[in-house]
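Given below, in the form of structure tokens, are the structures.
Below are two complexes that have chain A in common, paired first with chain B and then with chain C.
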Partner chain A sequence: MQTVKHRWKDRLQRVLITTLVWTPPIGLIVLPLAGFLAYSFFALDNGEIVHRFTFGNYIRFFSDAVFVPQFLRTCLLAAGVGVITLLAAYPVALLLWSLEGRAKHLMLVLFVIPLLMSYILKIFSIRAILGGRGYLNTLLMAAGVITEPTPFLLFNLTAVFLTLSIILFPFTLLPLFVTLERIPKALIQASSDLGGAGWLTFRRVVLPLSWPGGVIGASFTFVLALGDFVTPQMVGGPTGLTFGRIVYSQFGLAYNWPFGSALAVILMAAVLAVLALAARIGRSQGGPP
Partner chain B sequence: MGAIDITAPAAANQRQAPLSMSRPLLVLEGIEKGFGGAQVLHGIDLTINDGEFLTVLGASGSGKTTVLRLIGGFTEPSAGRILFEGADIVSVPAYRRPVNTVFQDYALFPHLTVAGNVAYGLEARGTARDVLRPKVAEALERVALKGFDARYPSQLSGGQRQRVALARALVLEPRLILLDEPLGALDAALRRQMQVFLKQLQREIRTTFLLVTHDQEEAIVMSDRICVLDAGRIAQIGTPHELYYRPASEYIARFFGDNNLIEGRLGPSAAAVRFVETAAGRLMVSTKDQSDVAEAPTGTPVKIALRPEAIQVAPGSEFENHLSGTIRDVTFAGAISQIVIQPSGETARPLTIKLASRAAGLGLSRGQPISAGWRSADCRILLR
Partner chain C sequence: MTLTKRLTISLLGAIAVAVTAGLHAAEAKELRILTWQGYADDDWVAEFSKANDAQVKVVYAQTDDEIWSKIKGSDGADFDLMSVNTSELQRYVDAGLVQPHDMAKLPNQKGTLPQFNDLTKVGGVGRDGKIYGIPFAFDSIGLIYDTNKVSPAPDSINILWDPKYKGKILAYDASAHNFSYGALAAGIDHPFKLSADEFGKVKQKLIDVQKNILSYYQSADEALKIYQTNDVALIFANFGHQQLTGMLKANAPVKYVVPKEGALAWLDTWNITKGCKDKDLAEAWVNFVIQKKISQALTDRNGFGNTVTPLTGDDPNQKLVWLLPVEDFQKRSDLWNEVKAAAQQ
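Moving on, here comes the complex of A and B:
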């Protein structure tokens, strides 16, 4: 009798715990996402949402002359940001890695501190650098490269690219640095013991063991750049249009939630695809599949 | 995969003549090494002869790895010279030194296969592919890892990884191979097997081995010579036989097993012997090739080192030293039995005796009176 009662209690407890563990992610993430997914199959009629199943939003996305090229252009922009930050992160991460003790931690904090700053603060700092009377223009004029402030630095797609690269740099740097830190120093010594000078050791040992970390970092940056709409809004001007801004405008300006949802779902699919790829690369690190 | 016979290369080299060990290959001269404030090595003078198997033996933290790192080129001495065939190599970077290391935790490249690991050094030298492949295959065969080419280190056992690390160094045919506790991570049975294998391999390829270990038994089994390191200082260098039977200090006598250490004061001397006054009576000790002991003043406090297996039960008159006492303990330990006796002097310390065990038993039991004795030539006076 007692054991039966006991088992019953056990099962109840397990159900309770499972419920507690799964409620927040389902309630806060899966349900809203499912909501967007559902909305993306609804239609808009005279500003009213019609709860009737339709592929219309997706058909509009793929048939319209604007959306697909704009989507691809933003993907390209985000990929460019990922690649540039990765190329810049390598020398910085290697420098940090080669430092010892206090100097290492101080430098790391210096490079990562932008993560702690408010997004708006960061963007205004960058506007101060790139703007008409910003440092960069002043510097270029002082050097005699230009005679009057160039407008090409701000309010276009180049400005969006530069700003995103600077702001998202720590997201690429950190995973790369952590991966480098995990390489045992003995492997570097072994390479050098076997006759590998600095460059060979980098090419044959450091690079193969660290690039999965770099790729994971770059894909974080890619994902963040792809969906961002604040930076393009602030420094992009009229020509710096990105997909993120279009999605935002569907919700904010056009009040077309179904179409906005469809665009968001497409964005989400791209993000998931990239993250899945990055995870695969991360797993392949060090040895057999 | 069946059991791997790592003793296979044995037969081939039994006939080879012993190597001449007179020519110095590597000389450490007055090496000092400190890290920040802490002095780790003090005035190390050590000569490694061409073709010998030299072991640096010391407790954990005594500076063994630091010695290897200095020779491998991973750290620089604070003072002193490192001569390779007469030329100072202190300023030569690791990747250009004619030595290779088998690292303590093997340090295999996890992203390369077994063959990739072994080929690494040859590729770094720019060896042509058609030369490289047979060399890698030969090195793998030598360490009984034929057919493991395509495996990754994560797919190997500890012993197999250890042999890959060995092959990775061997394939470069270095003049000197440094091995940092290479058998430390293996279980006891495999370790004994590998000790024999390493020794035979070293004879076969006629390469100088410098091995580091904290295991005195391992050092005795494998080495031509042993250098004992005590807190960054060389305590004694000699053949295993010398260290075992002629310890220069109490530290060495303790390190090499279970010497009985009998305290006493120097008494009168006679031809090639010295008497020592102890709590168990006056004992006679040979002073052969120990001029310092023969000349030391009477009354000097000393210790006598006496190996447990040199003591006889119920000795005949050919034994110069005798004592009587009672048996405190008898322990059967397989091939040998250990007997602890309490000598009859009031303050005398217990003595340990090791006897070959017999099927019928030794006929000794606790509390029984016993007489024991040993030759003056089988014990040794230690001044420090």
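Moving on, here comes the complex of A and C:
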């Protein structure tokens, strides 16, 4: 009798814990995402959302002349941001890795501290730097590189690219640095004991072992850049339209939630594909599973 | 006197006061107003209450939709008076939630500025010969220009298309407004109801202006910041005179102009609800606030235009196009994306 009661209590406890563990992810992530998916199959009729199943939104995405080119252009932009931050993050991560003790921690904090600042504040600062009468123009003019301020630094797609690269840099750097930290120092020593010079050791030992971390970091950055709609709005000017802006414009006054949801689902599919690819590269290169 | 006695007396006194006040309130006239902050200031309410021996209850709204849900939700019974703009007013008239004004009860309306004097000629306030909104506050969406860079003063909205100002213009990112002002620039006098042909024409016009635009902005403060760090000559002033005031405070050498094609403008009006309990009292309030003293105070305190005294520097003959609901928000939003996509080609 005692054991039966015990077992029953045990089972209840397990059910309770399972429920508690699964409620937040299901309630806060799965259900809202399912809502998006459901909405993407609804239609808009005379400004009212009609709950009737249709592929109309997806057909519109692929048949309209605006959306697909815009989507691809934004993917290209985000991929560019991923690649450039990866190229810039490697030397920085190697530098951090080579440092010891307090110097290492201090430098790490310096590179990561921008993450603690408000996103909008960073964009405003970049605007002040790149503007027609901004710091960079003033500096270039003082140095005699240009004779009058160039307006080409700000309010175009290049400015979006630059701003996203600067703001998202820590997201590429951190995973790369963590992967480097996990390479046993003994391996490096072994390599140099066997006569591998600095460059050879880097190419044959460090790069293959840290590459997955870099790919994961760059894909984080890619994902964040792909969906961003604030940066293009603030530094993109009239030519800085990105896919994120188009998704954003479907909500608000346009009130086209179904189409906006379909665009968001397409964006998410692209993100998942890239993350899956990154995970695959990570695994195949012997990185973290 | 013991403490208990004193307490009892003051308690009795308090009850007596409360009862008399209650009786008084039951007899007194009551006016329930749903409006915006700044449209029913305490000193005005005090003066009106005293003069009319009435109790005034004011509720401030935060958004247009809040007013709509409060009025629609109670079928107009919860408030006697409200204030909405000309664009919003249309759906209340459609739904029968407002009733026409009795102009005989509004003698002060005769003292308003010429452009508001004949209400049958003010777009959006009347329907079928009946007046549903008495104009009270307004502002235009004109042009702000830098007097050092633009000379002589611009008189046409088409200056925004002038290649001379390439990359020196700030615009506001709103699809509905932009199609309306594009229509005005294209010489279309009904900017809120565009035909398919007109949409094509305005879209091309908007694509053409993109290369002159330096950036879009979302708040008046943001526009000022961009202006301060870039070479900006002209600003499409979505926030009207408030935006101008902000720039002047920052010592910017700028002026404000309403172009000859006209400027879009919002106009807030007073409206009597369907469930109004004391129509005479409601009209009395409207008549009270459209007197010179109150209207001038509205401008002095908030910077908006009023209907009785002209704004300093404003041309009395300026053409203001009062906002009305647009034919299709979604279409404008979709076409606006196409305009922006075309700017990248």
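Descriptive notes on the structure:
In the analysis below, the second predicted complex is superposed on the first by the 283 of 289 C-alpha atoms of A that agree within 3 Å, B and C clash if a C-alpha of one lies under 4 Å from a C-alpha of the other, contacts with A are read in each partner's own complex, and residues count from 1 in each chain.
To be clear about the criterion, contacts are C-beta pairs under 8 Å (C-beta built on N, C-alpha and C of every residue); 3 or more make two chains touch, one makes a residue touch a chain.
From a predicted model like this one, the values you see are computed outputs, not experimental measurements.
For chain A, the partner that touches more of its residues is C, with chain B and chain C as the two candidates.
In the superposition on chain A, contact of A:Arg102 is made with neither chain B nor chain C. Judged by the touch definition given at the top, the superposed model places A:Ala254 against chain C, while chain B stays out of reach.
Of the two partner chains placed around the shared chain by superposition, chain C is the only one that A:Leu44 touches, whereas chain B remains out of contact.
In the superposition on chain A, A:Ala128 contacts chain C only, with no contact to chain B.
In the superposition on chain A, contact is made by A:Val205 with chain B only, not with chain C. Shared-chain residue A:Asp193: touches chain B; no touch with chain C. When the two complexes are overlaid on their common chain A, residue A:Ile246 makes contact with chain C while staying clear of chain B. Listing the residues of chain B that touch chain A in their complex gives 72-74, 93-96, 100-101, 103-105, 107-111, 120-121, 123-125, 152-155, 168-169, 172. Residues 184, 186-187, 189-197, 200, 204-205, 208-209, 285-288 of chain A are the ones touching chain B in the complex.
Chain A makes touch with chain C in their complex at residues 44, 47, 66, 69-70, 73, 124, 127-128, 131-134, 149, 151, 154-155, 157, 233, 235-239, 241, 245-246, 249-250, 253-256. Those residues of chain C lying in contact with chain A across their complex are 167, 171, 173, 175-176, 210-211, 213-216, 218, 225-226, 228-231, 329-330, 333-334, 336-338, 340-341, 343-344.
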